[in-house]
């Protein structure tokens, strides 16, 4: 077991903040899709907890934390209620939501990687699961809403790369025995900052070279 | 381990009935989507067993009952064959199918909650997994058929609420040490009746307040 | 534990070839959907490893082989890179890709069935998981790309049937104590050949009888 990255209560508070903002993004999509209040709650839960659920299933940590920690389960419901009653106001602060979402991305890619390594996975697999923890909920959200996952689309600002960088820093630190709260925090902040920059400057990833069609199929 | 709600053979028969009617709903959607006979069988299996599979994965009950009980696996194939040869007749008795589907909903939210609790989950998580057992198959069915999940849409009669009420009755009974075949049966019947009423009177759940758009995006 | 079907290194090489060609099919779909380079990599990974992941989750083999074997994880990335830089050339050899895909189908239905049986599942469940191993990745690929799964559509050449036949041969051999490298190889080759024939002669599965509509809904 690696040492705790942060004190347990700090870690738990950070987790809940990340869960909350991911849930907001799920609930907002549900409103845009015209879903009812239960659809909003389901999409909030899935977006917030889906990535961690996937990781926990893969590493055999059952029942997943999402089901054993009451705070993890009830936080998305709170976000769903908030969006249900106040969604024009929530939409107006979309920028704020995006910033917190970037923070959640940075946090979860680091904690996801660490948890996977704690369960005995190798470094590459740990980084892959850290990435999956950070982006999995958003993919599930889009699949349930019957949309092409935002993660995969070329016309979206970079989302996976910041999480990959954060996870890579963590595995490098583990490899060289340098993982501690400071380097972990550095990984979180790096991923967070990269995502903010990607949003500000609309960084995008390239599509395949030599595509023959010039029209957008999507 | 809670005492058995019903005698094992009664329980098993009820399970098979629930699985059968869920499979019918999956097979009918497959026909409407113009799938071939294997698509019909796959959608029947997924609809009937998906909710229970999800619950069993979450609580660590592997291999899931769906794979160890031959009856669970073969019942959906029977439903698929029936729909394959007789689907106009099956569609004509849609009302009957809906009534049995409501019965399956009531039954699975109760047995799903009870099984999750038996595996050591807390009351809230047990109720959530009871709900997931009852509605998960239908969500998977719609995702595979590339449709927006019926569960999430505002223009469908209440489906989640009856299951939530059924699961809530079960956890209240567990909390106050009052779970027995009678109270379990009461929970099943309550969820069943609520779903029937929701279909009869077209009860729907509210959408978010203050949505700005007045057009239906869906 | 059944005896090894093939020598470990032969088996591993075959696995990697199967994973590689499945990944190519995922990457090509991603290019057609106009995804960026990360979308291509994600779809390659999901298509190549999804079926085995599903099987391993169901039989409780966690962490799944996809995460413990570095070759399994990195082969799809190689396929994604190849398609990223050379996709017109890869599309031009579509026939070759299809032939290797058929080989992957034959191989995975046999190894999937064998692995499920090794983990204690009954014969029917083992065959079902063998089928899921062979076709699961393709279904996940289509779900993530927001397409109706090719597996379910009536206007596609038979894909499930060859895998079902291959899995059935394996369980029959197990039942009559005749599973050895020769019979396993025979099952692989039979599934492979059936899929090739289905592509050559456009064999299709029937849709439901007596469908009332005459227009294609899809």
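For reference, chains read A, B and C in written order, and residue numbers begin at 1 within each chain.
FYI, contacts are C-beta pairs under 8 Å (C-beta built on N, C-alpha and C of every residue); 3 or more make two chains touch, one makes a residue touch a chain.
Composition by chain, UniProt nomenclature: A, B, C = Membrane protein YeiH.
Here the structure is a predicted model, which means the values were calculated and not measured.
Colleague: Any chains in contact with both subunit A (Membrane protein YeiH) and subunit B (Membrane protein YeiH)?
Modeller: The shared contacts of subunit A (Membrane protein YeiH) and subunit B (Membrane protein YeiH), listed by label, come to C.
Colleague: Please decide if copies subunit B (Membrane protein YeiH) and subunit C (Membrane protein YeiH) contact each other with the same set of residue positions, more than half shared, or with different positions, and reply same or different.
Modeller: Different-residue interface.
Colleague: Upon optimal superposition of subunit A (Membrane protein YeiH) on subunit C (Membrane protein YeiH) over Cα atoms, what rotation angle is obtained, reported to the nearest 5 degrees?
Modeller: Rounded to 5 degrees, the superposing rotation is 120 degrees.
Colleague: Provide the C-alpha centroid distance between subunit B (Membrane protein YeiH) and subunit C (Membrane protein YeiH), rounded to the nearest whole angstrom.
Modeller: The answer is 29 Å.
Colleague: Can you list the subunit C (Membrane protein YeiH) residues in contact with two or more other chains?
Modeller: Where subunit C (Membrane protein YeiH) meets two or more other chains at a single residue, that happens at 57, 143, 146.
Colleague: Using the touch rule from the top, collect the residues of subunit A (Membrane protein YeiH) that touch subunit C (Membrane protein YeiH) in their complex.
Modeller: Result: residues 57-60, 119-122, 124-125, 128-129, 139, 143, 146-149, 151-154, 160-161, 204-212, 216-218 of subunit A (Membrane protein YeiH) touch subunit C (Membrane protein YeiH).
Colleague: Please give the residue numbers of subunit B (Membrane protein YeiH) that touch subunit C (Membrane protein YeiH) in the complex, ascending.
Modeller: 30-40, 42-43, 53, 57, 62-64, 67-68, 70, 73-74, 83-88, 143-146
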